[in-house]
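Alright, structures below, take your time with them.
Two complexes come next, and they have one chain in common, chain A, joined by chain B in the first and chain C in the second.
Right, the complex of A and B next:
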């Protein structure tokens, strides 16, 4: 029996600039297998990259590999490791206009595997990018925090659950 | 769930998809020592336009990666083509291939840590059409050893309606027990 899914869990639209957006108490009971996060972001302040941290884990447990099309030259690929998933490397939220991010967090509630993340970033004014990331933890994801110097007013963050 | 930032739940707006347009058809959770899973989709043509496979897993291969294939309607002929764009952390490469299946990669078992898995999201577009060849779009990757992120487009040079899909380890290994393959239908 097919089951309707891609279920909206929550949407945040910023009414004022903020540096952190947190989704907490994400259900881990097994209802959903994957999370899909869709971000439309604009920054205030200096250009920096968007970070995503699970369960408040501030350890050096995150790493990713990316490839980027910048519109000229040889497309770069590289790796990033640190204390959060860096959702973008070459692109970053602009100060006017918006970037969009589609973030797939696979098997987020499973306790028998590290968490894998697929990210696509679209920055029409700067670059397009794809990355694969890993959180080296078998803990179920029950919260995720997104950080930037400041996300500007009007930035949106939508979280969906996918049943499996 | 709670949000620390001001926000409200918002369903799809006018003209958007409804919540029943993307549906789970089935999920296979591997118990180990299995190299393939078959989906009979012959009854889905009147309900869905597109399909999506979401795969998270690894194989029992001792080192490196295995090629994971899709095969439609038991066609094992050389009727599949593909192009890829791949970033391995050092450079971006692009290439093409012909094969007897739709190809993607998945991690072997000896890499770094048995908890590592590789994800792939595979869109099967207009698979029930009987007038066009079938196109398949894959987004995959992992950060382990090896590491990569890849975008692939594949083609099955056949206009028949897809009735069966086999997901299998093409290079002889089995999926490990923490592998999952889920099939979704998208209405159109």
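Right, the complex of A and C next:
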């Protein structure tokens, strides 16, 4: 985890349950090299994984490799792909208490490379997980949307820029 | 991210505690470069928050290490019962230090604290290494005001460095949310 200065860009604390949280107008002028997204989440309804989509791209342009510690048995690992970055595979936001996500989006404003994402997810009552994801696009990231059936009240989302 | 306090050990100590942690940040980051005085290649680490030694901690870990295949465990209880984080010991290759990275989101909240730990103890040895990721939980409604870490039955050796940072949320006035 980098220890460079984080510049706060925006934060959301949910006052009511919602299915999507979107950060828009993310600067792509080169001020920042990476983005850091910190989430503490709680769900309403059935367990569902959290998705992250860049620039509204709903194509099948996202893939991930993951490894998970569930607390027992052979630790699972594998790949997932689809129409968003699946931030979690085995863990998911709990219905009480909060889990946490630490998401690093590397070189997000570059226009000559696919975007790499590192994810750590933690819920001591469920699983710990690490994953690396790719968005198969050379477009600079100017928005990101997080989806769940419903993030519950009190869930927090904070976006930071990291200066190279 | 702002440095709150950094401690570089000039003498060996049994544990390091950060007290009177300011309540003005959103998250806390604790970075450790440490070596234990144990004669083994590594030592477990105890994490105690707010001086609370009760059964208020739980953890899940995923580790890869020198003793076999990748493993996962879940533990709960007191700090000494959830001592699953390891750091390099004095029986390992000379001059090697292990690394720990803790992230505590929303540490001032009045809900249960969920935190993250990443850990490596790489010693340039095929018979003494470990890395792991951990999900931690501290079940309390109190804000985190102090954090103590200590190696099991040993000291942090001279040259160990422990640094606590605060992360403050906010807005740049450009990025919008919906």
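We adopt the following convention: the second predicted complex is superposed on the first by the 159 of 164 C-alpha atoms of A that agree within 3 Å, B and C clash if a C-alpha of one lies under 4 Å from a C-alpha of the other, contacts with A are read in each partner's own complex, and residues count from 1 in each chain.
Throughout what follows, a residue touches a chain if its C-beta (ideal position, glycine included) is under 8 Å from a C-beta of that chain, and two chains touch if they have at least 3 such contacts.
Everything numeric here is computed off the predicted structure, so don't read it as measured data.
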Query - Partners on chain A (chain B, chain C) - clash or fit - result: clash
Requested in this report: Give one of first, second, both or neither to describe whether A:46 is in contact with chain B, with chain C, with both, or with none.
Outcome: neither
Query raised in the report: Of the partners chain B and chain C, which touch A:29 in the superposed model: first, second, both, neither?
Result: neither
Query raised in the report: Is A:130 in contact with chain B, with chain C, with both, or with neither (first, second, both, neither)?
Result: both
Query raised in the report: Which partner does A:99 reach: the first (chain B), the second (chain C), both, or neither?
Result: second
Requested in this report: Considering only touches as defined above, state whether A:75 meets chain B (first), chain C (second), both or neither.
Outcome: both
Query - Shared chain A contacts, counted only where both chain B and chain C touch the same residue - result: 3-12, 21-27, 67-68, 74-75, 120, 130, 157-158
Report summary line: The answer for chain C against chain A in the complex is residues 1-2, 26-27, 29, 31, 58-63, 69-74, 76, 101, 103, 105-106, 111-112, 114-116, 118, 133-137, 163, 165, 167-172, 174-178
**Report entry** Residues of chain B defined as touching chain A within the complex
**Finding:** 1-12, 19-25, 27, 47, 54, 56, 85-92, 113, 115-119, 121, 139-144, 147-149, 151, 178, 180, 182, 184-185
Query raised in the report: Which part of chain A faces chain B closely enough to touch in the complex?
Result: 2-16, 18, 20-27, 33-34, 63-68, 74-79, 104, 106-107, 110, 112-114, 116-118, 120, 130-134, 136, 138, 157-158, 162-164
Query raised in the report: Where on chain A is chain C touching in the complex?
Result: 1, 3-12, 21-27, 38, 40, 67-75, 91, 97-100, 102, 120-130, 154, 156-161
